[in-house]
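Next come two complexes, and both contain chain A; in the first it sits with chain B, in the second with chain C.
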Partner chain A sequence: MTGEFRSRFRTLTDGSDAPPDADHHIFIGPQHPWAEEPAHFIIHVKGERVVEADIRIGFNLRGIEKAMENKTWRQNTMLVPRACGICSAVHQNIYVRVVDRLAGVEDQISERARLIRMFSLEAERVHSHILWYGILAHDAGFDTMLHISWRDREIIMDIVEDFSGNRVNPALMLPGGVKRDIPKEKADKARPMLDELEKKVLYHKKVFTEEASIRNRLEDVGVLTKDDAKKTTPNGPTGRGSGLPFDIRKSYPYELYDKIDWNLVYYTEGDILATTMVRIDETLESIQMCKQILDRLESTQGELLARVKPRIPEGSYMSRAEAPRGEDIHFGIANGTDTPERYKIRAPSLGNIDATLKRMDGEYIADMPVILRSYDPCFSCTNRVMIINEKTGEKMILNQDDFARKAIKAKKYNRSFF
Partner chain B sequence: MKKVLVMGGEALKNQAKGPVTKHVLKRIGDHPPPEDIRTIPRIIEDRCIMCGTCVNVCPTHCIEIEKDDKDNGMIWLQRAQCMWCGHCQTYCPKDAIHIDREPALSNSLFSFNNRQDYEMICAKGSFKGEKADKKLAELIDEGGKKLKYLEEFRG
Partner chain C sequence: MSAELKELEGILNVTLPEKLIEDIVKVEEGHFNVHSTVKNAYELMKILHEEAGVYHLSTISGIEKEKEFNICYHLQHRIEEEFREIPINFFVTKVDKGNPKTPSMIDFFVSADYYEREIYDFFGIYFESHPFLQRLILPERWPDDVRPLRKEYGWEQIKEITLDIAKKALEED
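== the complex of A and B ==
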């Protein structure tokens, strides 16, 4: 590894591997009033200032990947969105695109089906971002904003429920197309609601940019410069707030993102306020895209669902998409039967951890809740197993047998694991 | 650029309105559940051909089938396990499954009465009547045993 590599998984058992400047170590999580998500942060402080911060994850491994190997491709369509509570449609979209490619029906999917998929994705981005900046305001001690933003979020939730039959798990997509149509009456009902939501989000933007009590908590806090961002490779809004204009929807367009007018939002300041502004502007952009999609649906006709056989031919395919939190990657291997051989999910929060820990260096301990919230942590979809040797930086991915054998040997002969 | 009391207007409005909880009961009437809401499945018996697609496709294995041929058989549902995905409706080749809009949620989901857990959603031909009732009684008995074990385990 490079000289700058530093393990984020210190043990602190005898205090020998703690950073030399720090005089206190503060432990946050996995059960903590701040944390809705189960993660363990170790913050090394000197006085009021943070020296460095470490993270430990792995409290919420639910074994979704293993469960997928025991179910058929058709059943997994409904298991995959359960990987994440908020960004369920994006997980389902990537899964469905992997199956489409493996089954060879990618070019049979109609424009109408693709537009409906895109509406689901953008509506999800709207409600995820509104939820996030509500919680951010709550962490900054500005609870009025939490209540007002979550009240206005109900508008988009009502639209999603009307179109799909469920509030947060729309599950509109299937291999080969979509499950339900969006008829004209429903679209007409949704249009004024979207207009109303746009007004409300503009008001939220006004509050975040003008109100002193929230702006003082976010401005010039946790600055991640562009150089640091390039080293720590954040993705999604965290990177776009630091001047990395990278978005999968623009760089590697999927569905019909290259045929719809929209602008890439990015800021160069790198503080928490910039990340917030990226998400608010993206919300406005997504509402605008939703309206465009509803307009285009009127003039587009086509078959909703193409036939996909239950047995998927041999092959493997990697697919990715821009989730509300960042870049989401799925990799599937098919072996010719109706169940997958292996399926791998990499959720966006994992890519943002290093950048967020970099943000904390030299900040006040009182700003920690805001900084920890800044990348929208979501660990139930992130936790996977990888073993890293702290001294050399060597990485290993083991299966269960190898892991058990190594662990038993290490215990029996009293020697190191590696 | 920085100001104070940007949200003053909103605060005054909310002050005049009073607590939101006061209006909740009135508002429930304004927001009926949408027409296409997804809940538990129902089967139209005349259309069902006992092919078993819904059983194979169900992600939670909550639908089970016992049959002789396409006119004689029964399908039952384990309510608590159903996650309302509507997969069975999508893949049904004869459009025999529709989704119940008002499934009496308070009875089906959170009750401790295990009699509510199983439901015979389709019984045809020779399976109708006595055989289906017997099967249902068996299932409920099994469920009752499971519940008893759980209670013993909890202590």
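== the complex of A and C ==
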């Protein structure tokens, strides 16, 4: 099976082990706006087409797993959301569920606490998806959409800030429940805001489906077929855009996702437009779920926090959740003391790299920004792309804007990239 | 064990030879832990992948025990018609601590590449027949013999090593 994906094993950065039919090699990264953790992409091209793509990762190792072994379970509750800047709540949610299970307090968590946890998760999904398709529009050369979507994203950010005190790191959860309530006044204030946001997202959807200039950049670009998807195992919206209908909220429900009305979104086309539509539709679903949760909170009472002893009994548990980017998985082992024996975290983007590299095969260089963006890598600014002409040895150093501008022009006027 | 084995066989629709399996634990409804030794792991994974059709590997965890290493393959058995997933934690046990070697599962899962290299980085476990078992995550200057997630290295030690690397890098520049 690995034969056809052999390109992934070529991590030589000087291009000396490049495929024989490639004539140029484009190096992107390591600290590049198009990479999740700073990643180094090597794209082998022949003329305007990509022959193969490769990646090197590991430029931002923070040692969270090792650090967690040296802190108590309670301290780790505040360390674990730092694994990701955007999807912090989902990391915390899986962590508290692992601890709940190991400590044996799973049944004592009230419905109200679970609903508040779910609100935090869904609000995070809304702001993460809106952020993503804004940047996607920017990469495709449609900056108006970036400004519109980010302006509207502030609505959900305000709600999250009102409920938790923080914009992107709500940290509402604790083992045994949640630490803050959502009072009725705040919920009443949030409801009209959610209605307004829903209207705006419907408008965003209209732009992405009807506006030709953006649609043409996304449609039939970077197609990942269902068979390829099964081999490269993408997760989350990347997989659901290629017809793999798996969302952990449905396939292995946690919290109260099986008791709330929502629809699983998936598309079968496999191109970038399909993953975009998955995310926009999911945003609408999540807004709808947020409203449902607020309604249910009115009629639900219960203790917010169950007592969890600091010493966690021996045992191990693997738990997963559907992060905005895909499947997030934690595996915790307790040894009877107040610190973990071992704690493993796998964030969703690592599982999506293979599929993204597969998407690039045979595509235009001008489509690279959009394809690299498709699996929703996080942002880290200020780096350049170096393009080397192998025959003449000439080097071109481009910053992000130049690269995007060249790519847009090449696509728009149908002319060569170099 | 036999009741859990029967249930898992029913879900996967295959027969799993009992001699290849060390233990099966049912964690909760539709969530299993399967233990197998280094000798039998490859054969058992082959049955899971080729006959039962398990194609999704979420990640791999390395676990250090007192006398041995364990490696845990977090698999998902996906049932597309029912939109359902069955998590299976596939433990490879009895990996020798003095000379840690285990078969690579890259023949079955493309994504095993990164995950196995990560375990090799952090624990120094060799995956036999992995075509490109090289450093994935640790920095280039990191000493080859230091495997940071092993218990022998404490947090303070790791900090010292990291500072040393940073100092050397500054001097070289």
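As a working rule, the second predicted complex is superposed on the first by the 357 of 418 C-alpha atoms of A that agree within 3 Å, B and C clash if a C-alpha of one lies under 4 Å from a C-alpha of the other, contacts with A are read in each partner's own complex, and residues count from 1 in each chain.
Note that in this section a contact is a pair of C-beta atoms (placed from the backbone, for glycine too) under 8 Å apart; a residue touches a chain by one contact, two chains touch by 3 or more.
This one's a predicted model, so the numbers in the text were calculated from it and none came from an experiment.
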Go through the superposed model and pick first if A:D162 touches only chain B, second if only chain C, both, or neither. first
A:E211 contacts which: chain B (first), chain C (second), both, neither? first
With both structures superposed, pick whichever of chain B and chain C touches the larger number of chain A residues. C
Based on the superposed arrangement, let me know which partner A:D354 touches: chain B (first), chain C (second), both, or neither? second
Given the touch rule stated above, what does A:I148 touch, chain B (first), chain C (second), both, or neither? first
Touching residues of chain A toward chain B in the complex: what are they? 71-72, 74-79, 144-145, 148, 158, 161-162, 164-166, 171, 174, 179-180, 206-207, 209-213, 215-216
Give every residue of chain C touching chain A within the complex, in rising order. 27, 30-31, 55-59, 61, 63-64, 72, 74, 78, 80, 83-85, 87, 89, 106-111, 113-114, 131-132, 134-139, 148-149, 154-155, 158
Chain A residues within the chain C interface of the complex: 1-2, 5-6, 8-9, 11, 57-58, 61, 63, 65-67, 69-70, 230-233, 235, 244-248, 250-252, 264, 317-318, 320, 327, 329, 331, 333, 342, 344, 346, 350-351, 353-354
Parts of chain B lying in touch with chain A, wherever the complex brings them together: 1-4, 6-7, 10-11, 31, 34, 36-38, 56-59, 83-87, 90-91, 99
